[in-house]
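Right after this note come the structures.
Both complexes shown next keep subunit A, but they swap its partner, so subunit B is in the first and subunit C is in the second.
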Partner chain A sequence: MKRPALTGFAMACVLFLQGCAGWQSALDPKGPAANELAWLIWFFTALCALIWVLVMIALAAPLLMRPRAPSEPLVLNAGAEHRKLRVVLIAVAMTVSVVVGLTLLSFFANRTLAAIGSGAALTIRVTGHQWWWEVRYEDATPNRILTTANEIHIPAGEPVRLLLTSTDVIHSFWVPSLSGKLDLIPGRINVLDIKADKPGVYRGQCAEFCGAQHANMGTFIIAEPRARFDAWWNDQLRPARSPASGEAKTGEDLFLHRPCVMCHRIGGTPAGGTVAPDLTHIASRRTLAAGTLTMSRGNLAAWIADPQGVKPGAHMPVMELNGDELNAIVAYLEGLK
Partner chain B sequence: MTHGAVTLLLVILALTGCQREERDTRPQSALGSGEQPTPVTTLEPGGQRPSPADNKAASFEANAFHLSEGKRLFGWFNCSGCHANGGGGMGPALMDEKWLYGSSIESIHATIRDGRPKGMPSFHDKIPDDQIWELAAFVRSLSGNVPSSAAPQRNDDMMPHPSENRLPDAATLGKSP
Partner chain C sequence: MSSADVTSERDLPPERATVTKGDLAPEQDGPRDSGMDDASLHRWLARTWRTPPGIVGALSSVDHKVIARRYLITAFVFLCLGGLNAVAMRIQLSGPQRGLIGPDLYNQLFTMHGVTMMFLFAVPIVQAAGIYLVPLMVGTRNIAFPRLNAFGYWIYVSGGAFVWISFLLNMAPDVGWFAYVPLSGPEFSPGKRADVWAQMITYTEVSSLALAVATIVTVFKQRAPGMSLDKIPLFVWALLVTSFVVVFAMPAVMITSTFLILDRLVGTHIFNPAEGGDALLFQHLFWFFGHPEVYIIFLPATGMVSSIIPAFARRPTFGHLGLVLSLIAVGFLSFGLWVHHMFATGLPKLGASFFTASSMLIAIPNGVQIFCWLATLWDGRPVIRTPLLFVFGFFFMFVIGGLTGVMLASVPLDLQVHDTYFVVAHFHYVLIGGSVFPLLGAAYFWFPKITGRMMSERLGRWHFGLAFIGFNAAFFPMHLVGLWGMPRRVYTYPAELGWGNINLFISTGAVLFFLSFVLFTFNLIHGALKGAPAGDNPWDAGTLEWATSSPPPSYNFRRIPVVTNVEPLWAEREALPVATGLRVDVRELLVSTVAEAYPDIREKSATPSIWPLLAAIAVGGTFLYSIFTPWAIVWGAVPIAVTLVGWFWPKGDPEDEQ
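So, the complex of A and B:
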């Protein structure tokens, strides 16, 4: 390769590595569990690459060397036989020690992962649905239990215990920047402990194929300083804001008299459905429909007018609303901060 | 040569199976009115105009996707609160051969949409029309009134009856015709 081509190639490689950073990357760890895993990934990759290179050299060497005169097949040469046997034995011993060594490494990494959750003060129940996440903050005081969807706020620097389950099919919870993945299985509770070292937003994704909209089943972990987190929790416990304008009031009435009320809950109103995301503070979330659309008035309208166009197969049906009705409902939901 | 032709034929035959589960998730008139299209005239080329409801009924009942959606919604919309899993509770049983208001999918659709006097609520504004058809088709599957090739499969929880696709065919009462 010529000089400029080589430089170009190297630069492209560096650019590609750039893709490994960001809010959803196992190679850019932001918590102790992900750190441990990233270290394992790099070590395994480096060691295996080294072994591959050594094996290739060992294979290439005899090919490149000048062929020796063929030895007489019937003449015994004990010395050469022994040397060959020793080479084979050394190779076997090295293979065994590499395999055992790597197994031990991952065993100790697993031990570290299991220890992360010790002393977790906060327990969050995450339930997978086709194709969104129900998030429930457990508390000893019943009126502090909080149910929300798709966004998981946690205090930064503290271990948090997640109880994972599902109501329909198997999903898998994976926030690469913070931890490894763990399945959500109907009728079973799996425990995953996570910890974010620093405040930030980390994206997660369902990692077990679960149907038509598996790709659009994202989640966000939002790590905040403890004080901000507590303020957020208290704020979310409020019932929904009452509509601020006449249009929003109409929107509330429509919401309560149309199919919406069959599936969704809005705290402080008669809407008590539990089969779809809780909308009490929908406007305080960053995205709609499990990370499919960013939150905005236009996207809210787009989603409600035609959920099957945005997320075909999602379990929210297309409803018959005219333009005024749609606007009113959007005005109402937009105020649910 | 004949082998190729036979394979091709078999593949084409297998493809027809895809229709069983064709997923149509958008009603014909998105953002339109919920009423059945009103014919402007009864004069039609060829005479008798097929009722639009009939088309829908047939296509929903033979479609595994719509039937399983109906099954999911039966729980989601709490029909099971009054009818249990078909065995009946405060509302009548839906898995037997007795029908208070008729067994046709149109009359079941009307029951769900408009309600019935002795305690069946109206879901007219609460359930979009296509979902009412899905529910009606599923209710019929509870007593073996839909093709077993399309009827839903077993539940995860205990049920008072076998899965819908294993119920005897209501038309022949399980006897082969």
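So, the complex of A and C:
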């Protein structure tokens, strides 16, 4: 019985080392909040492991003893009982001090985390929808306000303030390599400050069960040097590119005359729907359908042709399109860099 | 009621030992057990206390052992169904992007798994163990309010059948066992699925409350003479505290589910933020029940551990008083920690820290329990039998679950692991390690009492090995995959996140764990049919349930025992002292005082009746109908009133006439 348990443990260790480096892992911190939390996780784990080992030793000890003399069970050795009482009291006192210590540690860690966002210059409003993220960059100048979806570009090395809310059900925003999670609750605004130490792409996903496609509600935080971030913002502010080819032009016409416009917005065209992701620069994003598919011509076509096959239950309806129409729309969207 | 004129042989104050005849005229009084020989006593009592023959007789039974057996078997069936849910989910998750189960079915599966395990298995089975054992352990002939007890069972079965038939009709709830609004509200869950969740809660809570009330009264008023508060067995204490937690916690969830039904059915906006309602209110109400719920499941298991350890350590538990006080402390504290389920909702930081402190605080009484049990075991090598093996497994896993619980209590740490597989690992370690393993140990321990036969020790050890390895293989890696970023309640995950291998490993462990239950089922059936005869007290344990035959007769004890010690059978090796004076021609119980358990009065116990079943059908039908129209409450009131009138119709007893 011991052997397989050991083998299992060894396998777990191997798997552990294998999976430690991920782009969505609390153990692979890339920002000050996640760093603090990873340290906290390791400290708690080490202390808990130590306590567990001590308890297991205490449990195994009687197995090595001789069996109790076959006297009557009610006959107890008063001296031994007294010694046990002392040991139990010491153990309880230790428990109390560990509990108090960990409570204080946790309290001060929380204060450290709260200080991370001080001086955040950039505010981004993230609104949860079933099953995608609306991302709005706030700015004092109204024409610099930018709305995009699912991917959040931030300047690396700077604290960024996220205002989290929802218009339908409760979601939870979680990018483990940068910070802990916080819920998006309809009727409330929660504030989460994040900071990425270095440029990079950090994956996150919804952590509160939000219905059929909870599993496919991913997001990416793309941290860039400040200059590149500013360039990105400016680029995103311009209206959509006009179609470059005849096929794309047909695609634009189809898009504007089919139900697509009821839900989606494309800047610079009459398409002004706001219940689904803004598509003005859709082709500049890495993924489709909130992290479900990587961006490519084929996946665009698959998603438009059969959204319910790709993401069953999603609110994107099936359009009646023939092959040419589909190709045209894909050609148009592909050009929206 | 008749005042007690019960004679006991000793240890009662003189003024109580023989109470003179009460207010009933002698001609109304029937034969008593005083001075009657054993054989004729058995004939009398067997005739008075038997469950009537035939199907109607069986459906009318109010014997706590019969009801409890039905409860145990039904809850075990639900455990197997919930386990099948889990296996289906694990097959879907065994690799990235598997297409075996789609989101619609998967979301129903994990909801059904949670609902079944929490409401249809864990709570009912610990309460059922209580209604079987508590009357035996306190030395009485039946549970208090036996018809209410029977009613509780019928409501429970109809609730369970309701939700599982809904599942077969593809209308099982798919909003999680917690059913957070707005997701479960009228706008985002059209159809009847969320109503099934809300109404299933009502069924199971009614039944749970019925059992809790019966247990509390049994413990307070029906203890054998001499069983003062300091001599109550720890299992009985555990059930008493649990029952109080049920009484205070369950109303919170009934309010939650009723508000949800009102929002969905008659358009109130209690939880709708757009109309001035509040979505978080639901979570507060739900977890005000939901956290004590964990202790409702766990505390009886500690009672089982406290019963098994002394029998195999061959000595009474160390620190009996400390253990009792810990039970009570845990019961109280369990109401002060609900917010740690809501740290990610963005509560004020200082307020959240308060709940960190209270959540960590509960580690102290639980620590006291662990240390007292360990100290009990330190007298020498215990007798290693299957029940004790499961208790060792309990220590191994529950301590892990308790320590990860301390981690989750920390607000900042929780924000990383909340709603990830780390939490899934944590609460399975607590619930399976802390409750199911003691329950399995208890099954081996009390099986001989219930059936009169032993389960196979050899198979038992294999069962333990398989369950232990399967469980840890399935759930330990979940800690890791949670830290690597895998959230709960996802029906699939992308391949590039690298969770595939570890999930395959987890799924293999889960299948092993499931197979251990197949082996257990075989051992149960084999033991019931072919097990070696057990005798009254196969483990030479010390509490009263072992004083009567295995299985116990319908009347439990020929004569009511008198208790002189926490472990009465160890204190009185020759023969238990007994109290006599109860009538044998009618169902009569001895009611004793709350603190000292002095015999106080003789009280009639209810006879078998079909009305609890009929009332349960009326109530269950009303609940079912009410997910379709609020008028169900109006129309349903009629049959409910009729059945309750039938139930409580005076029988013309002199007692009723007074």
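Heads up, the rule we're going with is that the second predicted complex is superposed on the first by the 300 of 337 C-alpha atoms of A that agree within 3 Å, B and C clash if a C-alpha of one lies under 4 Å from a C-alpha of the other, contacts with A are read in each partner's own complex, and residues count from 1 in each chain.
The working rule: contacts are C-beta pairs under 8 Å (C-beta built on N, C-alpha and C of every residue); 3 or more make two chains touch, one makes a residue touch a chain.
As the structure is a computational prediction, the values presented were derived from the model and not from experiment.
Within the superposed three-chain model, A:Pro186 lies in touch with subunit B and with subunit C [touch as defined at top]. By the document's definition of touching, of the two partners only subunit C reaches A:Gln213; subunit B does not. When both complexes are overlaid on chain A, the residue A:Ala305 reaches subunit B alone and has no touch with subunit C. Look at A:Pro317: by the touch rule set out above, it reaches subunit B but stays clear of subunit C. Of the two partner chains placed by the overlay, neither subunit B nor subunit C lies in contact with A:Ala78.
Counting the residues of subunit A that each partner touches, subunit B and subunit C differ, and the larger count belongs to C. Contact with subunit C, but none with subunit B, is seen for A:Thr45 once the two complexes are overlaid on the shared chain. In the superposed model, A:Asn110 makes contact with subunit C only, not with subunit B.
Under the contact criterion defined above, the residues of subunit A that touch both subunit B in one complex and subunit C in the other are 186-187, 212, 312-313. Put simply, subunit A touches subunit C in their complex at residues 1, 4-5, 8, 11-12, 15-16, 18-20, 22-27, 34, 36-37, 40-41, 44-45, 48, 51-52, 55-56, 58-59, 61-70, 72-74, 76, 80-81, 84-85, 87-88, 91-92, 95-96, 99, 102-103, 105-107, 109-110, 113-114, 130, 164, 168-170, 172, 174, 176, 179-183, 185-188, 190-191, 203, 205-216, 218, 291, 312-313. Remark: subunit B residues 23, 25-27, 29-34, 72, 76-77, 125-131, 156 touch subunit A in the complex.
For subunit A in complex with subunit B, the touching residues are 186-187, 212, 257-259, 261-263, 275, 305-306, 308-309, 312-313, 315, 317-322.
Within the complex, the subunit C residues that touch subunit A are 102-104, 107, 175-176, 180, 182-183, 187-188, 273-274, 278-280, 310, 313-316, 318-319, 322, 344-346, 349, 352-353, 356-357, 360-361, 363-364, 367-368, 370-372, 374-375, 377-384, 392, 395-396, 399-400, 403-404, 406-407, 409-420, 465, 468-469, 472-473, 476-477, 480-481, 483-485, 487-494, 497-499, 501-502, 505, 509, 542, 565, 567, 570-571, 573.
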